[in-house]
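Note that the chains take the letters A, B, C and D in the order they are written out, and that residue 1 is the start of every chain.
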Amino acid sequence: MEPYAREELLACCIARLIGDARHVAIGAASPIPATGVFLSNFLHQKPLRISLLHKRSGNPFTEGSRELFDLAGQGRIDLFFLGGAQIDGEANINLVQAEGKRFPGSFGSAFMYFAAGRTILFREEHSKRVLVPRVEFISAPGWSPPGVERRGGPQALLTGKALFLWQKDQRRFRLESVHPGNTLDDIVKSTGFGFDHQAAANTTAAPSAGELVLLRSLVAKEISANYPEFAARVWL
Amino acid sequence: MEPYAREELLACCIARLIGDARHVAIGAASPIPATGVFLSNFLHQKPLRISLLHKRSGNPFTEGSRELFDLAGQGRIDLFFLGGAQIDGEANINLVQAEGKRFPGSFGSAFMYFAAGRTILFREEHSKRVLVPRVEFISAPGWSPPGVERRGGPQALLTGKALFLWQKDQRRFRLESVHPGNTLDDIVKSTGFGFDHQAAANTTAAPSAGELVLLRSLVAKEISANYPEFAARVWL
Amino acid sequence: MSGLPSNEVVFFKNSEAIAAEIPDGAFLGLPPDYSMPAMAVVHALIRRDAKHLKLLGVPVLGLSADLLIGAGCVAEVESSAVSLGEAGLAPRFTEAVEKNLLKIKDATCPAIHSGLQATEKGVPFMPLRGVLGSDLLKFRNEWRVIDNPLRRNDPILIVAAIQPDVALFHARWADEAGNVWIGRRKELATIAHAARRCFVTCEEIRPGDMLEDELLAPGVLSSVYVSGVAQARRGAWPLSVAGVYGIDDAHLTLYAKAAKTGEGFRRYLEEYVWNRTPEKNSSPAASRA
Amino acid sequence: MSGLPSNEVVFFKNSEAIAAEIPDGAFLGLPPDYSMPAMAVVHALIRRDAKHLKLLGVPVLGLSADLLIGAGCVAEVESSAVSLGEAGLAPRFTEAVEKNLLKIKDATCPAIHSGLQATEKGVPFMPLRGVLGSDLLKFRNEWRVIDNPLRRNDPILIVAAIQPDVALFHARWADEAGNVWIGRRKELATIAHAARRCFVTCEEIRPGDMLEDELLAPGVLSSVYVSGVAQARRGAWPLSVAGVYGIDDAHLTLYAKAAKTGEGFRRYLEEYVWNRTPEKNSSPAASRA
């Protein structure tokens, strides 16, 4: 099997999660999600609409920075990405402060997590520092009590070590697969919250030869226009 | 004294009412108010900002038809004009229905009458049919009870026969002047509501020679670009 | 918002094909006469004998509504006004209301803008100053006066979100990507954002993608909101497209006169709607951009 | 809204003159790094040693805020985030918050947009979906959760109107009439509509009136909202003006590295802010439009 970059594996995981989404929006500083989304677009017959908030040329937004939120409010965003300085087992995310450290802030998460059809949580670092029993500050909650209007919520949590799927009814993550080079035991030890899993963990499928060709040609070109430093690091 | 058109006299009345307004907005189908406002602008040293909703070229609005209302909501419109199928002695206006007849509708009156700094009511027809004891339908009320947020209200009522000023504390009109050719008695007989007046009515000052020159040159040019039929009728 | 169709733009052959997409009974958001109604589609709706339409004026209506009402296509009108502007009252509207043939929901302009902006933002209502004491309130069960939650003893109106089934208007340009250039007529964007589907006719279909052009982009309605586009040259006639052709004042005067009677209106339809294709229909108009 | 100044646009000589118009303690609405902050005025504010500014990020902040915070000009920040984007955390902001030297009012993007739109419409609040269950609510006394007045048992957030004292940003063009071309960056219009005063720097002052040009008008902020304008060539540097010059990524990386320490930040200010006029300041940047 061809060698591949960790970022390429993660982008492939994302591409496989996109499913029947018709319109994916990508917020600030998210080169790996963007890479996965463009890959998905080149792989599937039906073109995705991809709205890259900070697209430097030909930006899809003409109503300024509020349009993304209005689009989501209208129900026109099927899939969105969020991260977290901390993420807990109830899929709450914290973008504000953790262990005395200040992070940038909640961005639109407190709205988008409710309004987008579904949200993929993405954080490369997989450690007990990040994946905690309970976030110190809830920027956006992973679920809402009955009676609170909420269109969407978490679909999955992707880290540098594993992929978890969200189980809405149980309000709990289930380990879907462990990335090559990691074991179930690693995952249990480096995750601060409890999660469901099979007795033997699946291994995340490596990028296929075709996926790698696309990533390194068409996708790399799209990404380098908007995330030049990332593209240079991964593909140069 | 030079002969003048009735429309010219009315425009002069309006020009004299503008006072220290800095920004006047003019809504749909209001050629006489527009004429008065442009005249005022050419007469005074400090230029007025004139926002003509339906200006056909170089329209001042770039946010579509909601911008006028947003501007008023922000407190940026000092003076506005409204008419009425019926107007009553409490300065309520009716733009909807009267005596079984349907009129176009309330337009933005229910908002603008509150939000503009002040409003000049203008209706050429001066009869008991129009100036009624009580309007059949309140499109917009002339005054509001204490506790209701309201920035502005009526300043004056100008008709084809007379000019009334609004007395806010008394909630009642006062006859300011009677247009040349009419008498106080005419006004009393053709007004369906009670109003205050002096024993002997003032006569509305006729347009000055200077006002007429401006009306027939600079003002006519501005008006004909936006109200071609009106301009042709008055000045051709 | 549920049931939004796929966000791919369909390019239709002509105005008739767009009229066929607008079902009987649709709640149809329309711009005022000064903001590019899709008159060619209005004519096509009459030719296809559309029925029971509910018209929403954003925020007022004119010729487009009067034609549809006169032709019997309309069950209900929600608008802040219906008039022909300088050409006077809208005669078919006026007669239909006076004869009780038409349900009318009277509104006031900013309430319609706010109701659409509520849907645009995915909220169920918007507050609006003013209006208190207006009889408009008596007829609007979906509005409420509440106490301002942030400052007691401050009554304020709450207007409900408005969601048209279909937004319909004309524009100067669409492009191959399905974007539409609406210029400064931003109420068209508001209707499109709020509506379930949006159909647009345009003077011209441009190659490429206007979103790539920083000078055009500010006036572009993104294709994400556009369900279908068809070219219709002079498709706003006898109304105007800023910078392309002016309003045909003489025709509006002719219409206002003709439509004073039902018989005159029928003769007008015969001459200008029934016996003409959209292309022919627009040819007699004098351009006065 | 009270105390709005005269709506005549003043043309200022340069960015310093605009910085002089922004008083200490002003509540200053600023755009994000991708939406043309008036960086030349930010530098001039530091040179004039502005104090106690309250910054509003619409809806987030970056380099402009980090510079002002590091230079000691800022008492409070209300924003949905402060970061340098791909260049990482905003180091002066981060340190100031961690050391408790800065009051921070955490927000979420659409709450800021809605708060400004409330002021834009002259209403005291706007509803917003989502947010319920977020800890953001615990720190915002001016927000309320109410029951949707139109449908019971439906809790919904109400955010208070936001009115900045001053809107400040850069633009590609202003014209002799005082209009400003903001292109597709409509958040700049929202800040200007909501603010008491609005100051703008621009690349170029054009003759004439852009409102007369149907192609430019859709991207124009009318002079009615503009208090003052000054030309500042490359006035957004090291950030971008779409279609004119691109973001200076290398400089942002340089800044992010330098500003990691107070000492590095002081050296940065020395080199790029204190010892340069606005004109000189922008000259070293490579253009990459």
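Criterion: a contact is a pair of C-beta atoms (placed from the backbone, for glycine too) under 8 Å apart; a residue touches a chain by one contact, two chains touch by 3 or more.
Every value quoted in this text rests on a predicted model; they were computed, and no experiment measured them.
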item: Pair joined by the larger number of C-beta contacts - B-C, A-C; value: B-C
item: Computed distance of Cα centres, chain D from chain A, in Å; value: 29
item: Interchain centroid distance [CA atoms averaged], chain A/chain C, Å; value: 40
item: Averaged-CA centre spacing for the pair chain D and chain C, given as whole angstrom; value: 36
item: Of all residues in chain C, the ones touching two or more other chains; value: 110, 117, 121-123, 128-129, 154, 156, 184, 186, 189, 217-219, 242
item: Residues of chain A whose C-beta touches two or more other chains; value: 59, 61-63, 69, 73, 115
item: Touching pairs among all chains present in the structure; value: A-C, A-D, B-C, B-D, C-D
item: Chain D to chain A touching residues, read off their complex; value: 32, 34-35, 58-60, 79-83, 85-86, 89-90, 93-94, 97-98, 106-111, 113, 117, 128-136, 153-156, 184-190, 240, 242, 246-247, 249, 253
item: List of chain A residues in touch with chain C within their complex; value: 22-23, 49, 51, 57-63, 69-76, 115
item: Residues of chain B defined as touching chain C within the complex; value: 28-29, 31, 54, 56, 59, 61-67, 69, 73, 95-96, 100-115, 137-141, 144-145, 147-150, 227-230
item: Chain A-facing residues of chain C, complex; value: 1-2, 4, 6-7, 119-123, 189, 193-194, 209, 211-212, 217-222, 224-225
item: Complex contact set, residues of chain D against chain C; value: 110, 114, 117-118, 121-129, 142, 144, 146, 148-151, 154, 156, 158, 160, 182-184, 186, 214-219, 242-243
